[in-house]
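In what follows, chain A forms one complex with chain B and a second complex with chain C.
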Partner chain A sequence: MSSPVFTQVAELGRRSIMRTLRQPAQVVPTITFPLFLLAINAGGLDATTNLPGFPTNSYLTFALAVPFIQSGIFAVNNGGADLARDIETGFLDRLALTPMSGVALVAGQLAGVIALGFINAIVYLLVGLAAGASLAAGLSGAFVLLALATLITFAFGCIGVYAAFKFGNGEAVQGLFPVLFVFLFLSSMALPRPLIEQDWFRTIATYNPVSYLIEGIRSLFIDGFDAEALALAFGSALVIAGIFLALAVTNLRTRLVRT
Partner chain B sequence: MSHEHPASIEVEGLVKQFKKGPRAVDGIDLRVEPGEIYGFLGPNGAGKSTTVLMLTTLLPPDKGAARVAGFDVGREGARVRENIGAALQEAALDPFLTGREHMRLQTALHGLPKAERRKRGDSLIERVGLSDAADRRVGGYSGGMKRRLDLALALVHGPRVLFLDEPTTGLDIQSRTALWEEVGRLARDEGVTVFLTTQYLEEADALANRVGIIDHGRLVAEGTPGALKAEIGDPSVEAVPADPKRRDDVARVLQQFGAGECPHAIDESIAVRLKGGDSSLADVVRALDREGIEVAHLQLHAPSLDDVFLAKTGRTLEGSGEGEEDDAVLEEPRQPTASGAAAA
Partner chain C sequence: MRYRSVVLGIAWRNLHNFFKNPTLIIPALLFPLFFFTAFAGGLSQVSDVPGFDYRAGYTAFQFVFVLLQSSAFGGVFTGFAMARDFESGFGRRMMLAAPNRSAIIAGYALAALGRAIFIWIILTAIALAAGMQVGGDAVDLVGLYTLAAVVNVAALMWAAGVALRFRSLQAGPLMQTPTFLILFTAPVYVPVDLLTGWVQAVAEVNPISAVVEEGRELIAGGGADALLAFGAAGALALLLAAWALLGMRRAEAAGG
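Take a look at the complex of A and B:
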């Protein structure tokens, strides 16, 4: 007997969502930490909007893109650590003894982080708007924003799943967390790229895909629908997801050995 | 091997070697009949879990052949998995899910029709005595409850062969006995073949129809517990003198009755294997009395599986695995081999 793949994905996804939402330590920081940083930055860096060429007079609106990326970085930790725990505890072996497909495992595993990323995106958006940020793209832009934020969470979640399959332990997955924060800080997180004075910093930010993820979200808040920014953001997220999904599936072959 | 009927488990020359270290499994041959409970007994690191992983298709063998439920573990892995259930070392459960949610996931992944999933899950939960705890998260379960749920999950699809890897390790006597009863019932009433690894002598003794003793990856003895113990032959007598200063005197007396070996000391007691069997005990008592030695404790021990292990390996089972690593498979990632292991 073998269940259809969509049943497997649905059941594994259900498990992933329940497990995620039942761990306050996974849920609460992903909501509060980015909003806390947003409040500090919006309060302390508001004078930055006086710089010539700064695209908006509200630093809150400018910085509101950052929590969506931070949520993605948390997705690496949460999705990867849960899967690593499954490997460490032997739960993956239990699943391997069923007719479960590898595709269902990966897809189901990501359901929890995607669900949490979606919830987080709604919270950030509502809190940001309530605090005075504006969304130039309007209501339809909000849907695009949620879609992009969810895709970004999915892309980062793939990094976590890859790391879990590769290293097989939670500590190694958690070790990626600070590394990804370095990527965030070396992006156009705090300033538009043209306004970054240091050449080396601007160069790194230009090559850093995180910049394009942020700029895509930011464009919806500040410019409305900027096709180029959105294409780069969606494209960057898809490339990250594609690369790490492929790596995850490759490493799955080692972890989920069945004759 | 030539047999009239197919075995549930048939293994010939099974070998597994990891990159670092000796062969974890070194040419095992065994055959387990349908409905039999086979106890695979050995210390930590002997190769028990590695063998189970190979037989459950989770680890490709390097050499040899194995058929489980009539299917080749190397070439027909999916068919093997359809016919087996397994509760591997450590109850692999999700602490954030309830017992009933585990059942739901397992029944769905095994492809049970939607209408049957709940019914099957509930009946198994009831069978292992977890109805009252079914809607509680597994993180709050005791070790015994986790093991019982583990067993229920392994039975979801009605397997013909059940692999239990040290199912009672760390459990209290009550939980252990309850699990033994359920395993015994499965074999007796439902004809399920059970392959049980254990490092507990009493577990193998109480449950298994036949026992295979594994040490350093090799099967060193195999037979019914009774037959293995009969091979050892004589029982032993153990005496504790009332006056500890008279231990040497007790040893001297017991030596007269020993089967060619010197009496050995165990804590405060002196023990020797009786060359005359049970009937020599009265002679021992009379001899001690003649010497005026007062004994605080005198006990006759029938041969145990530990004696069998001692006779076959020169070591006692209890403690012989201490300091050794667990089966190497637990220490390094499993690698597929070129012989056809594949991801799902």
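Take a look at the complex of A and C:
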């Protein structure tokens, strides 16, 4: 990375991190909402661990993967809405007058949500372990978990950045939130795929990349280091990030040309 | 006569806005359908858990919860409309036109019920198409939908009380979050006996648990404790109606 680009990323990144962490409305729900749902599901679905073939006897351990994905979904909203606000207020137009590179702009804008995603991941892990979940992969697995969670946040953040460049307004970006929740609910979030009884649901879950993100994180809690699950999770996150980063940069160019 | 015309006028306006605006109608319709699909489809294996002995099947088990949830959120979303109307100043104009201001709340309540009935029809049709078993007779089903209507009124009254106190859409999370909490700390996925930990302790004292369980008994054919369920839902609705009326006093004192 050349020095000017690095400086640009650092400056925009610092602004993005400060802006994100200074907004309690962006920080608090990303921590409380996933943990609340985790607590409800852990108590409500613990009986399913009695099903033959269920991979663990603790539903808390099984479900602990889900908050990490929910944090990613919040990254779509937070990252996208911040960028959309920059577009709406004309900040992006002013940046367009500078020699700022597109890559620096996207990377810098995502710094805030990535930092928040990293903090959230640590909180979820510590709360989960304190509540009685186990991490089969141990301490080294915790580092892999944090790396995967951060990558997932980045991947989802790219969706938010793409949506912001594409639509240019915060309301449209916020509208993506329920859509992404559909992806979460139609995955192997609540039960392992082999235990999903309905064929059509299992098929959707199998084609849904969110299932692989969840299963990668879950493998660290339940199995230790499962190379296949981790490869699929990292691979899925990289593919999502790659596709939406490319789309974001393309839309950025279009938007700057319009400017 | 004037009271009724205020009620009908407000209800008609709200329902007109709801049915004409895709950004209002689509989420209101899609959310319950989506929850029903995710719960009844993705978790149907839960009915094989030892101790799960609900006779009408998991689709009916989840249908009742989603029906009550959509009723509650129909009330909350109508509360959003009320907050928006008071934020924009339309509430002040309504207060000038209504000699008895409780008619304004009644109008929104009627609209909330209209919205809920629309969702019930679609949700019930889809559940039946998905093969839901209904063991209850006509009286049981009237009981189930009456229970859902009382939940709808209670949620609307809660949201109206918040909307009238804050008169801003920014109070939206305050309307939504407690409703979400009380619903999801009821037995959502399994009967109370199969819950564990703090969720079971909370579900045992949550008044909505009785409502959900009675609803499930009604659709399966045979109420368990109708008096407790209707009593809990009715008492909640009455209590929250008082909360909404006091909120209207606050709005009047603030000049709308």
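Simple rule for what comes next: the second predicted complex is superposed on the first by the 254 of 259 C-alpha atoms of A that agree within 3 Å, B and C clash if a C-alpha of one lies under 4 Å from a C-alpha of the other, contacts with A are read in each partner's own complex, and residues count from 1 in each chain.
We take it that contacts are C-beta pairs under 8 Å (C-beta built on N, C-alpha and C of every residue); 3 or more make two chains touch, one makes a residue touch a chain.
None of these values were measured; they are calculated from a predicted model.
A count of residues in chain A touched by chain B and by chain C gives the higher number to B. Once the two complexes are laid over each other on the shared chain, residue contacts for A:Gly242 go to neither chain B nor chain C.
Legend: residue contacts after superposition of the two complexes on their common chain; A:Gly138 is shown touching neither chain B nor chain C. Contacts of A:Leu186 after superposition on the shared chain: chain C is touched, whereas chain B is not.
When both complexes are overlaid on chain A, the residue A:Arg253 reaches chain B alone and has no touch with chain C. Of the two partner chains, chain C is the only one touched by A:Ala42; chain B is not.
Applying the stated contact rule after C-alpha superposition, one finds that A:Gly224 touches neither chain B nor chain C.
Chain A makes touch with chain C in their complex at residues 36-37, 39-48, 50-51, 178, 182, 185-186, 189-191, 195-198, 200-201, 205.
Listed in rising order, the residues of chain C touching chain A in the complex are 27, 30-31, 34-35, 37-38, 41-46, 48-52, 181, 184-185, 187-190, 194-200. Those residues of chain B lying in contact with chain A across their complex are 56-60, 73-75, 77-78, 80-82, 84-86, 88-90, 92-94, 96-97, 101, 104-106, 108-112, 137, 153, 157, 333-336, 340-344. On the side of chain A, the complex with chain B involves touching residues 1-3, 7-8, 11-12, 14-15, 18-19, 22-23, 86, 89-91, 93-103, 105, 168, 249, 252-259.
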